[in-house]
Structure formats: structure tokens, C-alpha cells
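See structure below.
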Amino acid sequence: MRVALDAGETAEIDGPTLRYTRPGYGTVTAAVQGREIVLDTPDGQVPDWISASSARVTITGDGGRAVVTRARTEVYAYSFGWELFFFTLDSPFHGRTLGELAGLAFSSERVVPGQSNLSAMIGDIWNNSMWRHKDVLWAIFETVLMAFLGTMGAAIIALPLAFMAAKGFTPLKPVRFGVRRIFDFVRGVDALIWTVVLARAFGPGPLTGTLAILVTDTGTFGKIFSEALENVDRKQIEGVASTGAKPMQHYRFGVVPQVVPVLLSQILYFLESNTRSATVIGAITGGGIGLMLTQAIQTQKDWEEVAYYIVLIVLMVMVMDWLSGKLRGALIGRR
Amino acid sequence: QEIDEFRIGILGGENAQDRMTSNECYRAKAEELLGVPVKLFTPADYDGVIQGLVGGTLDMAWLGASAYAKAYLTDPEAIEPVMVKTNLDKSYGYHAIGFARADSGITSLADLEGKVFGFGDPNSTSGYLIPSIEIPQETNASMESGDYFCEVRFTGGHEQTIVAVSNGDVDAGVTWADGMGEWEDGYNSGALRKASDAGLVDMNELVEIWKSKPIPEGPIVLRKDLPERVKLDITTLTASLPYMDADCAYNFMAGEALGFQPISHDAYTSIIEARKSQI
Amino acid sequence: MTDTAFGQPPGVQRTAEIHDAYMAMARTRRMYGGILLVVFVALMASGFVMADSRNAGGFWNGILNVFDFPSEVLSEAADKVALLPALMVQFFPSLVETINIAAAATLLGGMTAIALSLLSTRGLARFPRLIGLFRRVMDVMRAVPEIVIALVLIFILGGGPVPAMIAIAIHTAGALGKLFSEVNENASLQPVEGLQSTGATWLQQMTLGVVPQVAPNWLSYALLRFEINIRASAILGFVGAGGIGYDLKNAFSWGPGRYDQVAAIFILLFLTIVFFDQLSSHYRNKLAGKA
Amino acid sequence: MLTINDLTRRFGDKKAVDAVSFHIERPAMVGIIGRSGAGKSTLLRMLNRLTDASAGRIVFDGQDITALRGRDRRAWQSRCAMIFQQFNLVPRMDVVSNVLYGTLNRRSTLATMFNLYPTADIRRAIGILDRLGIAEQAPKRAEALSGGQQQRVAIARALMQDPAIILADEPIASLDPMNARIVMDALRRIHEEDGRMVVCNLHTLDTARTYCDRIIGMRDGRVVFDGSPAQLTTGVARDIYGAGADFSEAATSTDIETLDRHQYERGKARALV
Amino acid sequence: MLTINDLTRRFGDKKAVDAVSFHIERPAMVGIIGRSGAGKSTLLRMLNRLTDASAGRIVFDGQDITALRGRDRRAWQSRCAMIFQQFNLVPRMDVVSNVLYGTLNRRSTLATMFNLYPTADIRRAIGILDRLGIAEQAPKRAEALSGGQQQRVAIARALMQDPAIILADEPIASLDPMNARIVMDALRRIHEEDGRMVVCNLHTLDTARTYCDRIIGMRDGRVVFDGSPAQLTTGVARDIYGAGADFSEAATSTDIETLDRHQYERGKARALV
């Protein structure tokens, strides 16, 4: 059996014998003879791309890798990678140029019976088993979902609590103190630790991550919101008060218009930063792009995959950043 | 009593997507059999699965012996072991393997005095529990950092240990293997075999320095509250898997093995005791 | 005198027009508000349903059991309460390591952030054409989660505090840089112009004209960031970067029997965070009071 | 009509307003002058009940204002509109909404929470804005307006309250001369056409002289002058401001018509360079 | 000495300064008047090279100022001190430091970044402050001073530069009459005693008339008047300001001594109430 590898290399398995040919070097032969493996190189030396012992020979070429042990002989072909980004080897569309593909997409001759070429192509890309575009997209969506739900939920819970924690809005000092310490506590424990705590009740999955973000951010928002409330401009309240308005109206017209921009911009800022946290949290709760990335790093197999995920994450966060900036601009207006 | 979905937790140690893929055929079969959606969950570490089982949000998992012990110690009423994998020689055990880089000159525990030693996950049987009991018996010293070893670390998992040893971050580490076949292949099954197949390490560069007594294979556990019919269905499916679909069984069992046989809690009492003693 | 104040005499027709236009505007505004609200509620609801269905445990079942795990930890910790002080002492060195990582990272990141932020603030930038470039640099530094940088660096440099420090510093530089440049934008340009009119160089304009105005705000953000970084460096321990997070993770995942350690580390961490929180808010109040 | 009796306000040890008494018989335009810190603002704020008096009484049409609480106090505030130096509008809301805030006291809390007002009120608000010459600005945000326009919005809000008294605390201090003129003219016209009482803190003497029927001078919390514009001589003014005999404000006059009036004497001839 | 030739500055389509030319032979005190937006500030800023000219030339003592770049430009700026309406001090720094900033151009960047200055400079700074009557304020933060004091600090900084020209952009616009007088007196004194050229944008006609040797009137970016104070008649002033015949700024005059000058005619008798 002969395998053609990249970079002009070939590997040939012939019973217990492996012949690995490298252009410019020659052919290396590794043969299992009884309990021993005998290595034969053109110059009699063992170059540093071959690791050999009497029990195991590993040849690491540019185009592939071959392993011979007493029990088995294996050849791994490289060249997998970006080339397979769209179509894997088993797809009928693999290895075609863009022009061919475009032609195929609109030709009526069906490559895969019972399916139009375009949908077959999209299906093959979508279900690409190397790059897993479907899973990756789902993972990104799940990450953003965790961030969105967690952030918004936290904001909704934190707002009324913030009034309770703000000087000038809650006359009772013990209440203020109590609420503030609660904020401190939930904020002081990182979301990652909350995932561990919540895992028992909710099990693995995106909801747990969402709740972890929600819990931590309730504390953060509570603190920020109550500070914003304490910093309101008294002049505006006074302007409203001087007309004889009722206390609720002081809040509505003197306070809310002032704090809404602060709150909104904080919420949107956190939406972006939580997208980043959700990546990490997902890695622990078992969901999202973060899990894919951390595991790709930990198993250290495919650095191109790691790079791909990092780029995706950076893009995702930057898109969220851009989006939240746009939303901020639309909702609050430029200053 | 009915269930509306069936949730399987899969332990870490492998790329999450690979875990999903290896178990996909099993999932599909279970779904067909049970008639309810079957979902796979892949938390990043052992603890995620254990918490899910104890909290009742996962219905099934294949645990390590020590992880089972932890779940049992947390809540004895939560789960029960039903099946265990049997090796080709009909035994159901494997070994913790201590190993080091071949060029480090370390060949036994005795050479490790004053060196850095790496465990895997604290909930791993072979990656932590058993070695942490058996190694001190041989070295006559505790596993505390600075006592016999200069430092003892957790790397986080079997893959990480193997990488850490081959990168030289730790001088030696422990992982698991069935102990059968050739060292150069990474044995027939186990973490070393997987790492070597994946091209992560070159087995020529590693040497075995220690091997534990056989450790009972971890059980497949089911939540006790599940309806009896569901338990029965799952047990039958698992037991017959090697005959129904050999490829699927290979993926599901992470290597070549004979099949599954029933097991009960009693097989793990000694592990539970060991774990208790570690507290 | 003439009536410059009142323009044309009030025209009934003109006010009616303005009134109609205003009412129309108020109505569309109300409508948009309503639509926005409905969309938001729909997004929240559907998102929740989806997250709930993709989770192993449901929300409504889970919420009843939220306290199972904390109470398990607490009851064990309560049983062994006598051991806690000793454990806290035992873990103290890890805590110090964690705080050190955070402090070094904040300092390094903060310095970088100052430079980047001044270079990317309109009106202050030395090279106005490169503002966009410096902003993108900060965006990228901010976008990559610390844990990812740490994981990659741990692979390259091996475990330990240095990768964690660099990872947090990179992230800090990006995050603080953005905040700093917002502060800079609000800084009054008057002093800068005043200095410029005396013939001062750019560096002089920045250090003497901008820094005194913005330093209190910078410091307050940096202190806030320091707090966040303490947490971050504790968390990086989860992936093997040393410090107290590593101990916490190991104790946590061992489970029953070591919950006393969990409790001890928790108390340490929490006290630390509260301590630095109070310290920084004290200083921030002091700075704000002076301003 | 309005009687103030020994009105005093202490801040800690300091008496910001010190036993001030005066009586205003009928709707007039009253100017209060005095240098910074004299207590002008505090006096006006006590009139509006934004600040509580430490001692003394304010009586308006027989009603003791100082004693009002809760709902009654708010009812008084709605009869006694206040205009501030910094306008004190809600900058992010549109002009009409800001004017409508003048009706808050009369409308139900719930409806106003959602910014819902009767159409008649909106029409009236726009009418008032038109009267002040800024109807075109109606849909804009308050913060988008110039200072003079903002102050007129504040006046419109005051008018919306349909008040018996309008208090204005240095209404033109943050405006340029042109806008100052427009705002003061508006206040004067309101006084004359609607017959409302206007009490106005002023920074500049000329403005007080030009627009007011009566001028009250304060110094260190006390009333040191109370008379007609004609009675406000240079000597009295110096006294109110505590300026020395050499002090002249002529140099900063912004008047165009006063050209050949005074030439600052420096005892030296100057040539055109 | 200073020649300006067809100097023009465009902002987009708009010409803020439009082909301005004039010549100043010897150190004089020149006032520039004109209403808001006339281009006064832009002109001064071009003189200091804070703003670049779009066209035209500035020549001082034979040197083409418009062509200077980098170090040379900074050197020119240090010879041509600028005083701003809003003082443009560093508010959080003490008075002496602010004055010492006048020497930045001559000192090394590194030393100044750590606020290190030669003792002689510090002595000189305090001397200048003393000359302006605010030596007592030396250790205070600039922001703690009153407007008039801050403006004098700005003048002190300008003097510290030992400049050939002092440019002042509406130096008294944010000051009250009393402080305005003090600041203008200080500028005049510097002009007379040190013989420095002072070019001063002014808001108020009276000030220009009182203090300046020569007055330049601008409107819409162009010079529409250039002459002695005596030549600045009411008609000319109206022309510069584009005011109608009915416009009078008397109402906002802040003068104390001009009391019985004009009584605002409202065609109705007013009684003291």
C-alpha cells in the first residue's frame, strides 16, 4: 500500500516493512524483524526527524508522520487544515477551484443524487467534520446568549435594589448597609466560582452560566447604579421640585432622565465584557466557544484550531463591542 | 413514572467535540430505544459531571472509581453503579502508571526524591487517589510538597500530565493504562495510547517508572430515581452494544475491550475507604 | 422699547402647526418605545426558554435546590470550624502570590494604558492619524479573555505566576486604555492650550496639563481594576497559574472532606476583596472630595 | 400681599439671611441686589420653600407660607414659580416636556410617570413658548438650546404653573448681554401684561435700575437698602457692594450709546499707534 | 514690528478670518472688538500659532511667523504669550507652578515633568506675582482662586515667558466688574512699564476705549474699523456690532457711576410698591 504525502513525500507499507521517501534525502526503511525493529537510512545516520529505538520508530516528515511498533505500522498524512476549511476529504466538492464550484452550484447535473448542488455544498460546509462550522456557530450563539440573558437579568434585578442602597433614596441606614454588603458578596465571588456553586442545582449547560453571570453582575450593577443615583445633579431635581411636584415625580423627572444614560451605557458596556466572561464560564459549565477553545488548548493537538477559535472570540467580542457602541449611540444619543 | 428526556454526562480529558462524536452513536441508539430525547453534556472537569449526577440533572455517566466514590460520599442515595467495562482478558481493572522522560535518567520512584511530581485531576482514581496512597507506602514519606518530592502539583487531567512530563514541566507524573500490550504503543488502551495515537508524545521519549496494583474500572452509573424500565433498557443496550455495533462500542469504550458486565456498589467499597482516608 | 424678545406676535395658526408636529413626534416616539420594549421582552423570554432547554437541569427545579450545595459546604465547614484558622494560615502564602500577580499586572497594564490612551484621544494625540490604530490595538487587547492568553502562555512558558501576570496585564492595558481615553476626552483642553501657547512640548503638555486633571480618575479606575484583577488572578489559578485559585479549585473538586479548605480559602478571598474594595473606595472618595 | 417678617436662615454658625423684613403691597417687579454671598439666593429659596427658614415668617395673602407641609407646601410651590441661574431644566427631555413639568402638581402621579399630559396642556405649553418666541424649538432637547433660549424655557415652565409670584435667581448671570436683554424683557412683559409679581435677584445694577420698580439691597444677609431705582445713588451702591471710593465699573460697561460719556483719566495722552 | 498680510482662516466653507491685514509699528496696546463669531479669537490664535493660517502671512521683526515649524514654532510661542478668557491654567496645580509653566520652552522636558525648576525662576515667578498683587496666593491651587486672581496668574505666566507680545483673548469676559478692572489695569501697566506690545480681544466697547491706544473692529472675519478710540463713534460701533438704531446695551451696563444717565422709558409711571 502506497500513500502519497505532501511535500513530495511518499510512504509505502509492505507487510512488516515501511518505506518512507523524502525528496533530497532518499528512502528510509523500517522493518519489524522478530522482536526488533530495524531502521535503514541512506547514509546510515539517524537524522533528528526520526526517533528510533528497537521497539518504536517514528518518522516525522514535512508531509506526514509514520510510526512503526512491533504491533502495528501507521502512517498519518498531514496537510489537513485550512485546505479542508470548507470541504473535508470525503466531500465530493473537495479540492475543486472556486470557479468549478461556482459552475457546479448552478449546473443541473447533480453530484449528490436527490439534492441540488448548492444545498449539498452548503450542507457539506455546514456539517464539515473537521472544522465543525455548525457546532462553532452554535457555540458562539450560546456564548452571546449567556452574556445577554445574564447581563439584562442582572440589570433588571439590580435597579430596584440600587435605590435601596443609595444614600438620599433610602433613609434607613441598616437597609442601605445590608443591601450594600449583599452586593459586595455576590460581586466579590467571581462568576466562575458561582458556576461551581450553581452546578449542583442546575447541572451543566448554558443556563448555569447565565445565572452565574446574573448573580455576579447583580452585585456590580447594584454598586454602579447606586453610585450613579448618589451622583445625580441636584439642580434638576430642584427645578422639578420648585414646581410643587410630588416625590415620585422628582424621581421620574429629576432622577431617571439623568441616570438612564449612565445605566444604559454601563449595561451595554457589561454586555460586551460579559461576552468575554461567558467564553470562560462556558468552558467550565460545558457550553459555548470557550469550552471548544480551552479543550483545544489543553489537548494541544491542533494549534490551527486554537488560533481559529481565538480569532473567532476576538471577532465576537469586537462585534459585541461595536454593537453595544451603536446601541448606546442610538439610545442615548451622542453627547 | 415517566421521563421526558435522558441526559448523559461525559467526563473530560478529551476535546469536548471529540467526546460528543465518540458517543454520538450511543446517544442515537438510546434515543431510539427510550423514545425520549437523549442529550450529551460535556463539562470541562470531573466535578461538573458529579455535581450534575448528585443534583439530579444528569441521568447517566461513566465515572472513574474515585469520582464514583465522591458522588457516593456526597449523597449515597443519588446514583448506583450498573455496569463495568471488561478487558480483553475478562478482568475489569487497569493501572495507574508513573512515567518520566527517558532522557531524565529517572527510572524508579527512588530517583524522584527532590523532584517535581504531577497528578492529574483530584477526582481521578489513577491520576490521583491510588498513587497518592500507594506511592507513600513505597517511599515511606507523605505526598506533601517538600517532603519527599520537592513539589507535588495537579496538572488538571491525564492529557495535561502527559504533556507536562514530555515538556519537562514536571519530572514525573501518573496517568492510566490497561497495562497490556506494548509500552511503545502506549499499551492497548488508556491515556498514553490516546496521546501517542494523536501524535502528542513520542513513547520512545518516555519510560515507565511505577505501576500500581490493579484498580477497578469505573462504573457506568445511573440515577437511582430513574424508572426501572429506563434502567433496564439502558443496561440492556449497553451490554449488547459490542454485538450490535462493534465500531460504536469501540468508540464508546475508548479502545478495545471485551464488553460490559454488571457490577454493584460493593466492588467500590475499598476505593471509597481509600478516598475517605485521604481526607 | 421694541419687543425683540417676542419675535412675531403669537399666530394661532402657527402654534397649531407646531402643536400638530409635536404631537406627531410624541406619538412616534411612544410607538418606538413600545416596539423596543416588546422586542426586548421577546428576546429575553425566548432566550431564557432556549437556555433553559439546552441546560441539563431546568430553571424551576433548580431554583428550589440552589442552596443544597452551599449548605453542604457550610455545614461541613461549621463542623470543622476549629480548623479554619490554621487552614487560613496555610493558604496565606498563595493569597499573597495572587495579590502580587494582580498588583504587578495592574501596574504594568496601567502604564501601557496611559500611553495608549493619550495616543488615542482626539485633541491630545501626538499622531492624530494613528488614533484609529491605537484604538484597534486596545480593542484586541481587551477582546481576548485573560484566561485564553494565560492558557496559551502557560503552554509556551510553563505554569506559574508569570503567564498569569502577563495575561492580566495585557487585558488590563486594553480595558483601562479605553476607560482612560474616555476620561481624557472629558479633560479640559484649556490648560493644554495654555501650555501649548507657552511653547511647551507634547510630553510637557501631557504631563503638566492633562495628567493633573485626569490622574484622580485614572487612579480610581486603576484601583477598581486592581480589585477586578485580584479576582482574575484568583481565577487564573483554576487553569494552573498558581495562587489561591489553584488551591480553591483542587479543594472544590475533591469535594466532601475538603470543604473546610474551601471555606477557609473563600473567607480569605472574600476578606481580601472587601479589604481592597474598601481601601480603594476610601481613596477614591478622598480624591473625589478634593477635586 | 407678601410680607416677610424677621426671616432668618442659619447654616451652622453662619447667618446666610439675617432677620430680613419687608412688605410688598401689590404685584410689582422687585429686584434684589447684593454681592456674592449676600444671601439673595437663600432668601428666594426660602420663599419657594426649597430651603426651610430657621426663624421668621413669610405671609402671602394672609396665608403663613413658612408653616406649610406636604401637599400644602407643594401647592404653594406651584403658585410660586422659580427660575434659576443655571436654568435647572431636565436637559435630556424635549422643550415641551420641560414646560409641562410646570403642571406636575396638578396632574396625577401615574399619568405623568409615562409622560402623558392632556392635549390642552400641550397646546397651552406651545402657546407660551410662542409668546416667548421659541415655539420652533418645541421638539428639541433642552440641552440643545442656547443659554438664552434655555432660560426662556424655564420662564415658560414658570408661566405654565400660572403662578402668583415668579422668583428669579440671577436669571441672566450666565447669559451674554444680548440674551440677558431678551430674558429681562420677557420677565418685564410678563409682569406688565399678566400682572404677576416678579422677584428677581440681579448681579448688575443697571439691570435692576432699568427693569425694576423697587430695589432691595442686601449685604451679609441683611437688607441695607430698600427703595426706588431713583434712590439708588452711586454712594448707596458703593455701600451695598462694599466698594471703596475709587471703584468704578465704568470700564466694563457694555453700552454702545454712552460713548462720549466718560474717558478714563490716566493723566497721560495717548496717540494712535 | 508686526505686519499681518491677507491673513485668512477657513473652517470648512466658512471663513472665520477673511483677508485681514494691518501693521503695528511699535509696541502699543491694541484692542480688537467685534461681536461673537467675528473671528477675534481665531485671529489671536493664529498669531500664537495655536491655529494654522489657511492663507496670508504674519511677519514679526522680519521673521515669517506663519512658516515656523516644530521647535521654531514653540520658540515663537514662548516669545508671544497668550492669555485666555477661561484663564487656561492647570487648575489642580499651585499658582507658582502655573506661573513657572511660562518657562517650559526653555527647560528640559525631563526636569519639568517632575516639576523641577531652578530656584532663580521660582524667585522670579514670585516677584511677578507680587507685582500683580497676588503673591499671597502663591502656594494655593489655581482652582481655589477667584476669577480675577486666576486671570492675574495667567498674566504672570505670560510675563514669565518674557514675551515680546502679549495676546489676550477676552481676558475679562468671565470676570465681574471689579476683577475686570484689576486685570485690565494690570495689562495696561505691563504695556506701559515694560513696553511690551499687548493685543487684546475685548467684548465691551468702554473697556477698549478706556485702555487701548488703537482699536480694530472686526465683523464676519473682516476688519471693518481701524483707528483711535476717539474715532470710534456710536455710529461706527453700531456698524461693527451690526445692531439696529434701536439697540442699546445700556440695560446691562454694570457701571456704578453712570447712575442718573438714562432711565429706561417704558411710557408708564412706576411707583415704589
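Residue numbering begins at 1 within each chain, and the chains themselves are lettered A, B, C, D and E in the order written.
Keep this in mind: contacts are C-beta pairs under 8 Å (C-beta built on N, C-alpha and C of every residue); 3 or more make two chains touch, one makes a residue touch a chain.
If you're wondering where the values come from, they're calculated on a predicted model, not measured in any experiment.
**Q** Through how few touching steps can chain B be joined to chain E?
**A** 2
**Q** Using the touch definition up top, find the fewest steps from chain B to chain D.
**A** Between chain B and chain D, the shortest chain-hopping route counts 2.
**Q** By the contact definition above, name the pair with the higher C-beta contact count: B-C or A-C.
**A** A-C
**Q** So which chain ends up in the middle if you average the CA atoms?
**A** Taking the mean of all protein C-alpha atoms as reference, the closest chain is C.
**Q** Between chain C and chain D, what's the gap in Å when you average each chain's C-alpha atoms?
**A** Once rounded, the distance between the two centres reads 45 Å.
**Q** Which integer distance in Å separates the CA centroid of chain A from that of chain B?
**A** Computed from C-alpha means, the inter-chain centre distance equals 27 Å.
**Q** Taking each chain's centre as the mean position of its Cα atoms, how many Å separate chain A from chain D?
**A** From the centre of chain A to the centre of chain D is 61 Å.
**Q** For chain A, jot down the residues that touch at least 2 other chains.
**A** Each of 196, 199-205, 283-284, 294, 298, 300 in chain A touches at least two other chains.
**Q** Got the chain C residues that touch at least 2 other chains?
**A** Residues 1, 55-57, 62, 65, 68-69, 239, 252 of chain C each touch two or more of the other chains.
**Q** For chain D, write out the residues touching at least two other chains, lowest number first.
**A** 181, in rising order.
**Q** In the complex formed with chain D, which residues of chain A make contact?
**A** 235-236, 238-246, 248-249, 252-254, 257-258, 260-261
**Q** Which part of chain C faces chain E closely enough to touch in the complex?
**A** Residue list for chain C touching chain E: 1-2, 188, 190-191, 193-201, 203-204, 207-209, 212-213, 291.
**Q** Under the stated contact criterion, what part of chain B meets chain A in this complex?
**A** So the residues of chain B in touch with chain A come to 7, 9, 12, 14-17, 21, 41-45, 47-49, 51-52, 54-55, 57-58, 156-157, 159-160, 163, 181-185, 198-200, 202-205.
**Q** Mind listing the chain E positions that touch chain C in their complex?
**A** Those in contact with chain C are residues 48, 50, 73-78, 81-82, 84, 86-93, 101-102, 104-105, 109, 112-113, 115, 154, 157, 161, 246, 264-266.
**Q** Which of the residues in chain B come into contact with chain C in the complex?
**A** 7, 9, 39, 41, 45-47, 50-52, 55-58, 70, 73-74, 121-123, 153-156, 160, 167, 169, 275-276, 278-279
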